[in-house]
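Take a look at these structures.
Below, chain A partners chain B and then partners chain C, in two separate complexes.
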Partner chain A sequence: MKKQTKLMLNLLLAGLAIALLVTVDMTTKSTSMLRTVLQMGSIYALVAVSMNLLNGFTGLFSLGQAGFMAVGAYTFAIITIPVNAKGGVYYLYGVNDAIKNIALPVIPAMIIAGMVAALFAFLIGAPVLKLKSDYFAIATMGFSEIVRMLIASSGLVTITNGSFGLKKIPGFTSFYSPFIVSAVCIGLIVLIINSSYGRAFKAIREDEIAAEAMGINLARTKILAFVISSFFAGIGGALLAQYLGAITSTTFPVKLTYDILLIVVIGGMGSVTGSIISSFLVIASKEWWLRFLDQEHYIGSFRVPLLKSGFRMVVFSVVLMVVVLFFRRGIMGNNEFSWDRIAARFAGRKKTSETEAESK
Partner chain B sequence: MKRFVSILLVVLLCLSVFACGSKDDKKDDSKGNVVECNVIYIGVFEPTTGENGGGGMQEVLGIRYANSLFNTVNINGTDYEIQLVEVDNQSDKTAAVTAAQTLVSSNVIAVLGSYGSGVSIAAGETFANAKVPAVGVSCTNPQVTDGNDWYFRVCFLDPFQGTVMASYAWDQGYTKAAIISQNGDDYSTGLAAYFKIAFEKLGGQIVAEETYQTNETDFNAILTKVNASGAEVLFVPSSIQTATLLLPQAKALGISAAIMAGDTWENETIISDAAEGVTFSTFFDENNDANEIAKEFVAGFKAWLNADPENLKLNGGSDGVAAVSALGFDAYMVVYEALERLAETNSVAMREALIATDYMGVTGSVTFNEVGDANKDTAYIKTVQGGKFVFIKTQVAE
Partner chain C sequence: MSLTTFLQHCLTGISIGSIYALIAIGYTMVYGILRLINFAHGDIFMMAAYFMIFAMVDFMIPWYISFIIVIAGTILLGITIERIAYAPLRSSPRMSIMISAIGVSYFLQNLATYLFSALPKSYPSIPFLNNTIKLGEVSTSLVTFITPVLTVGLVFVLIFLINHTKIGMAMRAVSRDFETSKLMGIKIDRVISITFAIGCFLAAVGSVLYFTPRPSVYPLAGSLPGLKCFIAAVFGGIGSIPGAVVGGFIIGLSETFIKAMGYSEYSDVFTFILLIAVLLFRPTGLFGEKTEEKV
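Right, the complex of A and B next:
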């Protein structure tokens, strides 16, 4: 397919997506579930892609995503809660003088949130990245738990408000904010993946020794991947904080990392489009489509068996098991969405039907 | 190539027409959710799974019972049917926000719940943004209603409860107390903090302060430390799940200090040999004959529970009336009573009606102060004796 045609098709797709969002914004009530699912899906898409950068593209199996999100979310919350609301938020322990009069606008605050998360990644990266595979996973998971404990600990109560968490976090200014931020960030990640750094990441994933032999500085490249991934996880955390409006340390349990890992696995390790598609699918089915399973339903006077509170999560888990057992490569494998592939598929079909016709 | 451009333009054009044309259909948000087709939906925002699943279920039972008694209402001459929309917030703060979103998008005009404070705080903004008033049932943390004009509640608050328990401990002659609270849990940490403030004010001494993590199962290290500190009383505000694990371990270690807790512990599942002598404060006493409404509620609720084995099972296997069920009933009744006074059938008018609430309920009279909290000044102290909850006394804060 010609490059120009592809560009047109891509533009068409982007136009369609934008038109879809505008339609949703115009036609649905502000309480509609569709809006929630789309917003949440876009936030998870960003975090999943950032995790994929590390787990899928660089081959570093990290389980610290929730920790970096917590750092990002808390940083964002601490520096954006309006000054006059701070007294009410830190009602029991009082607010630390250092942050008393800080209330930054949203965009710089999000960048700072990402940078702080990246800084944490840089600091723990040096010792942790020496570890391989499982050990690395365990160390990052440990980090994520440590962050959570620290946030809730009594030593930092005037900054993080301990167990009470932070609320009154400014929300999205418009319906489109999370989509724009996610799209820009994912765009940046794709640019990185397609650059020479990205090729170095993939080289490390395929074979560390061969990569080193080709002149890639292993330690430096790995830490780069780790820091970049954490930066975007931090921004994802900041988005989540805006979406939720209130966060506590228990908003970021290890389970959150697993949820994201699950999105990455379902989408396909090493596929950006896969992560995006699967995050929307997973969020929509978990929070919306499957929710009817929690309620009792009657067909006539017949009570549908099994449907009761908690059944949704059972079905969700079974679906996941089926996916992991039978569709191990996920939705996209490690391929990206491409017009060539679609064209090839159509062309292939046409060709086979033609040959069939000829043979008759 | 030209063909592609033309197709692209046509598609975009069609979409833009569609987008603009549908602009008129956008619903009016200024009145919040509006009742349609003579059915009023009331949301039930409770945890029925997860850490607080047991207690949350008892609250739901109280609400269902109330709904079974009062399921139609006459507003300005029109009869409306009242239907509950139940949603499980999984005792999880992130799930709570989408659960709340599910409720507001199913056009409820008021929400009841929740059991715990954390999920209510997390969902508070969602309700406020959708202009749907919520009536908290047993969420006792001040942050639930503070700064949120759309949240009300029918129970007392942690500052009050913590102070009451401190006063009670002091009245019993204890001077050294130890506190065990759950790291990361607003209810537990808040109650512990208020207990500490009040107890020290009375002249008592806090000799140990320990924290445990959510879902921790082994409390031996903490209990040993606390025991060695010479505390005469342990204050352990925690979830029911933790209580059932902690109490046997405390007994096995031979801890002689009295154990006290907050309202969560009034649940039949904590009763065991190890729980004998434990005291806690709660909202309501089923054997209190002074209140006619309460008497009627207890009899009716017991009959309702016993009529369906499924309900009995959900209530923890017995027909004991938990305080949270009574509060659930009261929360529903507060909303019901406000419905009768409704000027317009939408959620914004609902809030106006709730502000003017003056209702005599099972757990005492309910009027809301300017923050949206019920004005309550009495807590009931109960203990476990002979495998049963026994009422000791009512306690007011000193």
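Right, the complex of A and C next:
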């Protein structure tokens, strides 16, 4: 397929996505489920892609994503809650003088949130990245839990408001903001993945020792991947804070990391488009399409068995286990969405797509 | 701190530490053989507590029969999980098995929420275990006293099993070299099932001892103790049973004393910092073996 046609098709796809968003914005009420799912989907897409950068592309199995999101979300909340609302938020313990008069606009605040998360990643990265696969996973998970406990602890009460959490966080200015932020951030991540840094990440994933022999500075490259991933996780956390409007330390449990990890796995480790597609799918089915499983249903006078509160999550986790066990490559494997493949499929030349996949 | 309160805290610490030790052994044995962090172990521990409630409250079965039912149920659960979720992935990369373990943990938590609701359920009290006894100045409930004794007994039995029986020899062989022991005619699947059975048996015993002095069980009750016990296993050197026991005791004692000094909200933070510190300065733990990476 020619490059020009591909460009046209890509533009067409982007145009369609924008048109879809505009239609949704025009036609649905502000409480509509579709809006919720799309907004949350875009936030999760960003976080999932940032986790994929680390787990799928660099081969570092991190379980600290919720911790970095918490750092981002809290930083964002602390520096954006309007000055006159601060008294109400911190009514119980009082506000720390250092943050009393700070209320930044949203965009710089989000960048700062990302930077603070990245700083944390940089500080713990140097020691923690020395550990091997599963020890690294446990250490990052430990970090995430420490962050969560410290946020709720009494030592930081004038900054984080302890276990009461923060509220009155400014929300999205328009329906489109989470989409724009996510799209820009994911675009940046894709640029990084396609750069020479991205190739270094993939080399480390395939074989650390060989990568080192080829002249890649292991320690530096790993830290870079960790810091970049945490930066975007921090921004994702900030988006989540805006979306929710109120956060506590229990908003970011280990389970949140698991949720994101499972989105990444369903989408395919090492596929950005896979992560994006699967986060929309997972969020839509979790929050919307499978909701009916939580209510009791009657057909005539016959009560449909099994359906009661909580069944949705059981079904959901069974689906996840099936994906993990039988469709290990997820939706996209480690391929990206490409027009060539679709064209090949339509032309019935399945063979070419297979040989192409092998040559990749 | 007077001597009596000091002894009191010591006893509490040793008691909770020995429960951690029991669960940590489950982590360490599975890791030793499969090189897998069994993220679901804490949730198996939680399910064992629900089995007890189920047997004693819903079916009114006396405690000694319930106890056997709980152990049997937990072992069955553990072996089923291994067969369904871990066995098919034996030859795939370690990351896949770990993700599968996380999936199982996620599934068990959701299943427990569905079956038993997210609200805490009160744990049945076993009459004689809650009796108060006096040891000199120190008064405590019987369960606090029995726990360490039972743990030490079980650990000795386990060490004997591993060092002096045929199945123990097979376990040691499998943990040393998976492929070679397969070639030597060891039935790997059987060894792994028995390992899971032992781990789950200890988790079931630990669960009864852990929840008896505590008021209630809820679906996430297993995740934090599970993590702490994993830390205990790492601290002692993963793969080593004495290491897991020592790690459990150290974490139990330090946690109790931090709480006693009035910093209870930091006790878990301390445990996690301990984990990261151990991983940084001695990644193989106190008793762990060094492994070298080959190209």
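Side notes on the structure shown:
To be clear about the criterion, the second predicted complex is superposed on the first by the 348 of 360 C-alpha atoms of A that agree within 3 Å, B and C clash if a C-alpha of one lies under 4 Å from a C-alpha of the other, contacts with A are read in each partner's own complex, and residues count from 1 in each chain.
Simple rule for what comes next: a contact is a pair of C-beta atoms (placed from the backbone, for glycine too) under 8 Å apart; a residue touches a chain by one contact, two chains touch by 3 or more.
As the structure is a prediction and not an experimental result, all values here were calculated from the model.
Of the two partner chains placed around the shared chain by superposition, chain B and chain C are both touched by A:M149. Of the two partner chains placed by superposition, only chain B is touched by A:A85; chain C is not. In the superposition on chain A, A:A137 contacts chain C only, with no contact to chain B.
Applying the stated contact rule after C-alpha superposition, one finds that A:A246 touches chain B and leaves chain C untouched. Residue contacts after overlaying the shared chain place A:I276 against neither chain B nor chain C. With both structures placed on the common chain, the touch criterion links A:M69 to neither chain B nor chain C.
Contacts of A:L256 after superposition: chain B is touched, whereas chain C is not reached. Once the two complexes are laid over each other on the shared chain, residue contacts for A:M8 go to chain B alone; chain C is not touched.
Of the two partner chains placed around the shared chain by superposition, chain B is the only one that A:V22 touches, whereas chain C remains out of contact. On chain A, the patch touched by chain B and the patch touched by chain C overlap at residues 149, 152-154, 309-310, 313.
Listed in rising order, the residues of chain B touching chain A in the complex are 1, 4-5, 8, 11-12, 15-16, 18-20, 22-23, 25-27, 29, 33, 48-49, 53, 86-88, 90, 93-94, 97-98, 101-102, 104-105, 118, 121-122, 124-126, 129-130, 132, 141-143, 146-147, 181-186, 188-190, 193, 211, 213-214. Those residues of chain C that touch chain A in the complex are listed here as 35, 37, 84-85, 88-89, 92, 94-96, 98-100, 102-107, 109-111, 113-114, 117-118, 223, 227, 230-231, 234, 265-266, 268-269, 272-273, 275-276, 279-280, 283, 295. For chain A in complex with chain C, the touching residues are 55, 61, 124, 127-128, 130-135, 137-139, 141-143, 145-146, 149-150, 152-154, 209, 254-255, 258, 261-262, 265, 269, 308-311, 313-314, 316-318, 320-321, 324-325, 328.
By the touch rule above, chain A contacts chain B in their complex via residues 4-5, 8-9, 11-12, 15-16, 19, 22-23, 26-33, 36, 40, 85, 88, 91-92, 148-149, 152-154, 162-165, 167-168, 171, 243-251, 256, 287-288, 291, 294-295, 309-310, 312-313.
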